[in-house]
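Take a look at the structures listed below.
Both complexes below contain chain A, partnered by chain B and then by chain C.
After this line comes the complex of A and B, so read on.
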């Protein structure tokens, strides 16, 4: 009988190797970069804009006067910075874009998901994805040269029949380069992204529910109303808000089709308006140090605005997976 | 005994009667739209499209209502409206492609790729000057932006899929939020953080930095998506062979998603190649060809288009604008086609 030797106990080590520790450290640091970059953007814009924000206070958002008065030796006599007019313009044109673009996008998504045949569907999806990759300057110049004449025609028509509604009234018959046209261009720009998000949401609708609806004798319309839309509601709203965020931050496309004038203009068909981004481009060239700081503060407002809108949108879209079932 | 052969039928397909009914609806709708055009003040092609839409929707609604009642009518309403919606969504893209190609090709000539605008203005004859400065500038800036973006974006994607630390959810959220940062804000950020306090001069490098802020989220999200598609078995197999996590990622996971990463890069390039606003703010935008990214203003294709559009007003400048847009569009089309090709090929495998 040989006595078996029991081997000495080996300590099981769960401590990762040094190379792994290093790897995890590098990747984690890299992973934090988005946090760092967003933080830096906030910090630097706030740092530059703080002086102006402190002088203007809350009036920076509510005051609608942006002026620098100089005497003959080009010394600054007085300066006044208020963002209200551009804030109104930003919200106005983005709202028009969402009101026009989102219904078209959602209905297109319904068509692609539930009506189109396979071949047509693939071609159309390819085209819409391609449109999402178009640079904004393309939309802007196309909007200026091609869309504007026809959009003007529609604007006149709207004014003729709905002029009694204050929003569609104009003080002077000047329809070129109005917030309405800018809103249309922005609507066209957000259609691809809204369509693809809605489509993605619709395609996640549980198949058994769709088939259950059909088995109960539903038409396509009643199936969509009873199953698809309730399921995808959050996604649709989220997609719309994502589009809103895009539309708010757009610069070049708005600049080309909008007559950028510094005044509060609620009348969407009248050719005057602007948004924060176009203000920055417009004033940047001739601005002195102080005005540039004011522009930085304006950029900060825009940054925070889009961040909030995007954040809410992303929460709505990503929460979708959990509702239902 | 005779055998009866049953011919296979296709009851779901529309019968001849239904088809003729549909054709009739269409004809009535066309007629009605022409009447509408005549009665109301609408005119032009667009007016006709609107009139046709209303008449088609109402005609098919009434026809379906008479045929099968309210549910069928509602169904046909949604069908025709959604068809019209996709039509509206597709018109702009077709119009954009057609306009840019038809107006742009006349401005194309070889000098476009061999000359720059240093000795020509936007209003000089189209044969003088070209886009060399713009193309060189775009290549340098996008290339540098890619260089900055790639490590950060891929590390972010790896953090989200491989490490899955406790910050994975907030980081994913922040990356998505970052993709919504307006391009002009990216320009302002570089301006306030580097150009004013440090260099004091606008240059191509600054442009590249601004572009990479816009590029990071696109590349990171696409890379994350392709990394998520890798089956976990592959990772486990690597670890089971005794590899460390670092080796598994470097030798198994990343090689497996190579083509996906290429797609991510291409989509990132397509995202920033047409960016105009940050270029206007931070790169200066010169007319002369400049190979040095750290000093001197640098042009780009969108800047060339922008200049020709804003400073011009003559026949030549318009031609320049469209030619520039056509070149830009071709870049986007090529990048998009390559990305599509790669992703469709990897799906087949």
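After this line comes the complex of A and C, so read on.
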């Protein structure tokens, strides 16, 4: 009685039309191209760099000597490649950039979204977008000629009052061209991207929650703290990580400001540092084939570093995004 | 003997058929007027608690659009007033002028006065946040803060307005009890608010607005997103709250207006700005409306 006959299943598919298939192909090509280009760059860097990595081994990351010794006939006598100083310098200046840049960016995003009048808001958004497209060499020059003299003074103050903290100590009072100043220039450069991402997320804060807070007698500030910031946390972190990525990969501005020294330096105020991208641009012009391979290996490390940072960013964003939504 | 005992117990436990029938007519009435008359009418001034609210010649605009025209309406302390009327008649706009939420919409404008305890809340130099502490609001869609736990949600107003409270545990229990959520929520105070059902979330929102001890509570269609069971609970809550505060509720559901309110105000827009057509004790408005348009609306001829 209960044994009803189940009819044969028919797979339900919609056969796309020719035009659909064509458009699908066009879109897929576009979507895949970035993946392919990135993959090709990675393959190229790996192809050129793996030889050096094999010779240097793990020391490539832990040594900080970068030297090629030649005899009078331009024959290479010895070569030694290590990235430690550059790696530390990269992380150091990028961290400073994020620590300085992200708070400024979040504050300006809050200002634009919740305090600015419509006119000022539109003008500022345009300006900040312009800032993102601004050539980095100009940031570098400005940082070198204008920012550095005043930043030197701040660095001296920091050293005077916080010198007891190891990172703010200096071995000799030489404050120009330090990772700190490079970090400040980078901070200015990452402000646009952090601002626009935070602003984008803040603007999506559900209106009913904002109203709920106001209806409870919240001031604008307490509303932002209770509603907007918890909601936008994921966006702030995402923006910060994108900024970090950009700060680590930035070349020209850092090259202009930073005093590149092949020695690990954790003291941010001391005028000695490094940056992988800067190393590449510094050495590339006069490098022979083997050194270029070493530079490619350095590029590979930078590539992987940014990949890791972005991966962490994605995990953080998705995890923070859930709470508070 | 045992038989007699059983009989006696039965008689105690179950009401006799006659009583049952009477209860039934009360719970499923035939007309709105019947529902309304089953409530005891509260006279203004008989309730000592809460502050009255008076709207005097209130007009509201959105940009050039005149949304509300010359509404004068008194909400006596300790009463429940229902604002009814078809969509777009300005009920919600009017409600939002009562605690200055209207001004959050860009280009919003207003004329007239809203007196709370005799003082105009729109007077220059008024601290808006203080006004909103005294006149709380519950919204159409439950909107607890999802980043906070249930307990934190209830106390969020204290934190937002930077009030000092000596014993937050007592306040938490009191507010949740008054909102009719204590029994369900007392063991889950540390869970996130999103773990609650829609109806529970709405009662949480009511508890949240109670925590800052408002004198007036504005409710903007608080049950429109809820199922009948939750609606029933919220209506119970409203009845209990009306013992201690003034309540203004916007509702599309005339049954609800009849069930919960002492007074009803009918608003209507004929394409232009919304106007107040008639206000009367709820029983009267539903049984003997003075205006033809009110009658058409409450008898379901339009809207």
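Criterion: the second predicted complex is superposed on the first by the 281 of 325 C-alpha atoms of A that agree within 3 Å, B and C clash if a C-alpha of one lies under 4 Å from a C-alpha of the other, contacts with A are read in each partner's own complex, and residues count from 1 in each chain.
We take it that a contact is a pair of C-beta atoms (placed from the backbone, for glycine too) under 8 Å apart; a residue touches a chain by one contact, two chains touch by 3 or more.
Model, not experiment: these values are computed from the prediction.
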For this session: Figure out whether A:139 sits in contact with chain B (first) or chain C (second), or with both, or with neither.
Result: first
Exercise. Which of the two partners, first being chain B and second being chain C, lies in contact with A:295: first, second, both, or neither?
Worked result: first
For this session: Examine A:174 and indicate which partner it touches, taking first as chain B and second as chain C; both and neither are also allowed.
Result: neither
Exercise. Who does A:231 touch here: chain B (first), chain C (second), both, or neither?
Worked result: second
Exercise. Just chain B (first), just chain C (second), both, or neither: which does A:266 touch?
Worked result: neither
For this session: For A:25, select first, second, both or neither according to whether it touches chain B, chain C, the two together, or no partner.
Result: neither
For this session: For A:222, select first, second, both or neither according to whether it touches chain B, chain C, the two together, or no partner.
Result: both
Seminar exercise, completed: Winner on chain A touched-residue count between chain B and chain C: chain B
Exercise. First (chain B), second (chain C), both or neither: which does A:212 touch?
Worked result: second
Problem set entry | Where chain A meets both chain C and chain B, residue numbers | 219, 222
Problem set entry | Residue numbers on chain A that touch chain C, as the complex places them | 206, 208-209, 211-219, 222-223, 226-227, 230-231, 323-325
Exercise. Can you name the residues of chain B that touch chain A in the complex?
Worked result: 41-42, 44, 46-47, 71-72, 74-75, 77-79, 81-86, 88-90, 92-96, 99-100, 151-152, 154-156, 158-160, 162-163, 165, 167, 170-171, 173-186, 188-189, 192-193, 213, 216-217, 220, 244-247, 249, 267, 270-271, 273-277, 280-281, 302, 305-306, 309, 321, 325, 328-329, 332-333, 335-336, 340
Seminar exercise, completed: Note: in the complex, chain C contacts chain A through residues 99, 101, 104, 129-130, 132-133, 136-137, 139, 141, 143-148, 156-157, 159-162, 192, 205, 208-209, 212
Problem set entry | Residues of chain A touching chain B in the complex | 16-17, 19-20, 22-24, 26-35, 37-38, 40-41, 44-45, 47-48, 103-108, 110-112, 115-116, 124, 126-131, 133-139, 141-142, 145-147, 150, 153-154, 157, 160, 188, 191, 195, 219-222, 224, 242, 245-246, 248-252, 256, 277, 280-281, 284, 295-296, 299, 302-303, 306-307, 309-311, 314-315
